[in-house]
Amino acid sequence: MTEATDRLLLGLEDVSYQAKDRLLIDRVSLQVRRGEILTIIGPNGAGKTTLLKLALGLLPPSAGRVRRAPGLRVGYMPQRLAIDPSFPLTARRFLSLAGPTAPGSRRKILAEVGLQQQIDHQISHLSGGELQRLLLARALLRDPELLVLDEPAQGIDVHGQAELYRLLADIRRQRGCGILLVSHDLHLVMAATDQVLCLNRHICCSGSPESVARTGEFLELFGPAASRSLAIYSHETDHHRDHRHG
Amino acid sequence: MDDFMLRALAGGLGVALVAGPYGSFIVWRRLAYFGDTLAHAALLGIAGALFFDLAPLAGVTSVCLLLALLLFLLQRQGRLAGDTLLGILSHTALALGLVVLSFMEEVRVDLLGYLFGDILATSGRDLWWIYLGGGTALLLLWRLWRPLLCLTADEDLARVEGVRVDLVKALFLLMLALVVAILMKIVGLILVTALLIIPAAAARQWTASPESMGAAASVIGMLAVAGGLTASWHWDTPAGPSIVLTAGGLFLLSLLRRRR
Amino acid sequence: APKLVASLKPLADLAAGVVGDPSRVELLLPGGASPHSFTLRPSQMRALAAADLVVWVGPQLENFLVRHLASLPEERLLTFGSLSGVRLLPARRGGAWRHEAVEHDEDGDIDPHLWLDPDNARLLVLALAERLAGIDPENGTDYRRRAERLAGWIAALQQGLSDRLAAVRTKKYLVFHDAYQYFERAFGLEPLGALAIHPDRPPGARRLRELRDLLRRSGAVCVFSEPQFEPKLLRVLTEGLALRHGQLDPLGVDRPVSGASYLDLLAGLGDGLVSCLSN
Amino acid sequence: MDDFMLRALAGGLGVALVAGPYGSFIVWRRLAYFGDTLAHAALLGIAGALFFDLAPLAGVTSVCLLLALLLFLLQRQGRLAGDTLLGILSHTALALGLVVLSFMEEVRVDLLGYLFGDILATSGRDLWWIYLGGGTALLLLWRLWRPLLCLTADEDLARVEGVRVDLVKALFLLMLALVVAILMKIVGLILVTALLIIPAAAARQWTASPESMGAAASVIGMLAVAGGLTASWHWDTPAGPSIVLTAGGLFLLSLLRRRR
Amino acid sequence: MTEATDRLLLGLEDVSYQAKDRLLIDRVSLQVRRGEILTIIGPNGAGKTTLLKLALGLLPPSAGRVRRAPGLRVGYMPQRLAIDPSFPLTARRFLSLAGPTAPGSRRKILAEVGLQQQIDHQISHLSGGELQRLLLARALLRDPELLVLDEPAQGIDVHGQAELYRLLADIRRQRGCGILLVSHDLHLVMAATDQVLCLNRHICCSGSPESVARTGEFLELFGPAASRSLAIYSHETDHHRDHRHG
């Protein structure tokens, strides 16, 4: 009992969020525990980013409760970041703003996200994917207990996406931190997630990736295309496991 | 060289030193007209002090601090940029001051005289204020440096990483208000606001990190002070404007270098 | 009874002396208000519109009034600076201005502090009486009588001041801003110069040093500040030199509006000069 | 009501009408201190005019247009925000004006007096200027409306879609400079800049499209003019500051509504 | 001969771009013709966005020549867009800024990009994917002869991505406009592209999707993961075509 609650990093209880005239989040509850990856999927405008902001305390919930473990160290990778061009900031300095880190860890993380060469560039010059990698590096640098990632794969190149899947799995294994993830990339979702939560203002369905993909709500929410894509994917994994041909 | 020139030089260099890092934040956070706003509001402070029979300095200081708080609250509200908010505050405060004064016909102080110092009139006591006060202000800024940079880069990230965003922002504005108010009284409004903005903007063209921009702004400001005072000495031009013009010239130079 | 509006305190004093009743003279620019941010209030606008006579120095000084007066007919306006016979002095250069500067005409700007010349003041008082008599013929003799009397007092004061100031006529001194040219000419005083021509325009560094040298060499006795302005720069100027500090007020704003106040203004300048300049 | 009050009302309403849409662009494009900068630079214009023996108005106008062009060039250069650039221009121009003046000691006229009007002094001829000039300015703005909105949203997109970005920006700044310079001379600097910024900022809280913001800003400005003049009439407060204060009050109200 | 040059919309000849101390684009030549889809792929920081900006005339080339057909109507979808919150702009008004359009076309395009409901929202409130759809709609609204899209699929949900592939193919067929595309989504690339161009500052390889995927440069550039992903994909297509099992 104590152990179980000990490991609870983040808990949302019946959280709603009302923006002026629209209800953006409708009574959502979720929990993230140490060593667990929870992925939120849902169509555009479903309220995923809003939900993350509520979880992080960046928005005040209109109803319900958000609980974070006391003193929780959070690494956050936002969906968008705009830095003013009058503010001179290299990628290196941006990372060091995250606070003091172990000397070796910065180099290691930069290698992991593949950003060694751009480290002395101005942030306002970074390309879309480079900025994304930088944000990931910053989130990781803080040695977080809870990692909150808003579409981490967006804008990242093919090579980097593959690395990202591996990286997330590694992090969870090695550091045992909890991960709360938003993604449209079903490959990522299927490959590295313990729990999936389909959001469309309210929670449509949740559970393990396999179980979710088979629910009717999922099909309704994502349409046949997604369903086919997921089917292909899970089929593919089975397939390769069974008989490697080609 | 005469004593007053040496004191002006010492004072000016001190002001430029302090203005460098503060000015950098002013440029980043769109507060270029903070000084003008304070000056406008100071009129209200003086009027209020006269009305309640307080020392003018007390009135000015409290209005300046109040203004910083108001700006902080308006900034939290979102949407509108720093310059718009400052414009609103500055004009409203000035108008209020003028209206209040119109009810106090017998007032005969030179209101602007309270605000405008002259760098050539820097006294030994002023130097203490500049160096002790300025030193303290720099020290405080140094303590707040990392959280301030963090929230200047991105407020959401800063908040998630445990920076007490509101507290830091409010403290910064209060510090800025005090620094500007004190320096304005000593060396004059135009000189202070110009030394805050122009060297920092020039430094932006040369530097790639916030620290180097702050330091370069200090250095450029000090060059402008030295150059301006020399010009004032040689050609008998007014000292404050000469310094500002020199700073403007350095800014132009910085633009040229960037073109390449 | 005619109503008057005067732009500045000394003009209001003189006008009150002629009209007899200070409450019939409305003063526009009170105290130390800065003409830059100064805007008239509706009551003042009404006073201006209802005034039978508006007295001002001229566009050089009260620029903020130009637009308000543009629509006023000529016969309701009394421009001090363009009275015939009034003595106009060209603006001096700051610092060690050249004494031989002759009274030349259009070349350069006119020093607008006309009222500090007692002769000019007498001229204004008499002109006021004539204009008032034209507007209000019934009381014409009263206006003329009061004007003659005030002019006589001014003349008497002028004589007295002349005698008192004779003792300090050769003493050197420096003023804050160049406001006293007319007074000095009237009484033959020989100031070294002014720190600044215009209170808004600070002097340069070289001027400051030259003035210090001048003060040292010329054996100056006194420097004068003004109540409206903080004498910070004057302090710098006299630092380390054995100089007395005095105060001169070219407007006399803290006395009530009345004919006597103008006399007090002149007498006050005289007192200030004498007490500081004589040992 | 007196004639001068009626003329002031007519003039003020006209100014508020013109200021609404222009002020909206000022808020969006970070130009809140455009008016102050013009006023500072105008000093240089007057000094120059006296020096070369030209009409002051010619000097002021040419300096204002020059300033608009300079601002345009500096904006193109990138990196620095509008308020910083305005701060640099304004202080450098003012300093230059003061230095030039220090070489013209015999000039005794009240230089700033040339610039500032008083709304209660509005004449019939001024009304023509306000309504004809203001009408032309609004017409021109209306012609540039779509391209200006386009480039305010995103310059790259506008350029790709065939908007002549540089031309439109330069034209806008020149128009703005003329409008501000003329109105400043008629109703006073403080009133013009306040009517540009404050109603637009208040309108932002109520509106969801650029057009409605421009129109709402005009209406709010007109309310402020009417309210301010009424207050001035009843309590005999100075007219310009009363209008500004009323506008400030309306801005406060707009904030309250947003909280809900 | 005349016909061939007639159909040329955009031509870059040996274009280079030098930023301060780095060469970002090194002698790139490319051509886009009417009815053709050219996709640029390449790792993060390869210079794809820079190349598009050069092609659109938003950046001046340091060397080489950019030629656009005279009077060319371009629809551009940038990678990032930041609109100031002090600027009140609904999605509807943003679209109308693109200029006059045929009355029916707006509704049709909104339906195509799936943005009917959010049309009256403030732009600064739109979610990442909604903004992306809006930008696409604006690019399409102008009835462009050349469509330039910088990572159109980024941030779009699963459902929307599938639609996007279809939409691009439709547009090309129906309107016959040329399309210049940047994407990391190899599915998109393979499904809807005539020509692929691998960029890594210079052109590594180019040609039809199939031919490119087999070159050594491609493998080097994208690593084995991409290669495997592509292989899976093409395998998958073959696979399904041959024997539909499951």
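Just so it is clear, A, B, C, D and E label the chains in written order, and each chain counts residues from 1 on its own.
Keep in mind that, in the parts below, a residue touches a chain if its C-beta (ideal position, glycine included) is under 8 Å from a C-beta of that chain, and two chains touch if they have at least 3 such contacts.
All values derive from a computational prediction rather than experimental measurement.
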| item | value |
| --- | --- |
| Graph distance between chain C and chain D, where chains that touch are linked | 1 |
| B-C compared against A-B, more contacting pairs | B-C |
| Maximum centroid distance from chain B, chain identifier (CA atoms) | E |
| Centroid-based (C-alpha) most distant chain relative to chain D | A |
| Chain C-chain E separation of Cα centroids, rounded to whole Å | 77 |
| Whole-Å separation of chain centres (CA-atom averages), chain A against chain E | 26 |
| Chain centre separation (chain A, chain D; CA means) in Å | 48 |
| Rounded Å distance between chain B and chain D, as computed from the means of their C-alpha atoms | 24 |
| Residues of chain E touching at least two other chains | 84, 86 |
| Touching two or more other chains - residue numbers and ranges from chain C | 37, 39, 41, 201, 204 |
| Residues within chain B bordering two or more other chains | 27, 79-81, 84, 94, 98, 102, 204, 236-238, 240, 242 |
| Pairs of chains found to touch, sorted by chain label | A-B, A-D, A-E, B-C, B-D, B-E, C-D, D-E |
| List of chain D residues in touch with chain A within their complex | 78-81, 84 |
| Touching residues on chain B, where the partner in the complex is chain C | 2-5, 8, 94, 98, 101-102, 105-114, 117-118, 120-121, 123, 229, 232-240, 242 |
| Complex contact set, residues of chain A against chain B | 53, 56-58, 74, 76, 78, 81, 83-84, 86-90, 93-94, 97-99, 120, 122, 138, 142, 148 |
| Residue ranges of chain A touching chain E (in the complex, touch as defined) | 19, 42-45, 48-49, 79-80, 82, 118, 125-130, 132-133, 151, 154-163, 184, 186, 222-223, 225-226, 229, 231-232, 235-236, 246 |
| For the chain A and chain D complex, residues of the former touching the latter | 84-86 |
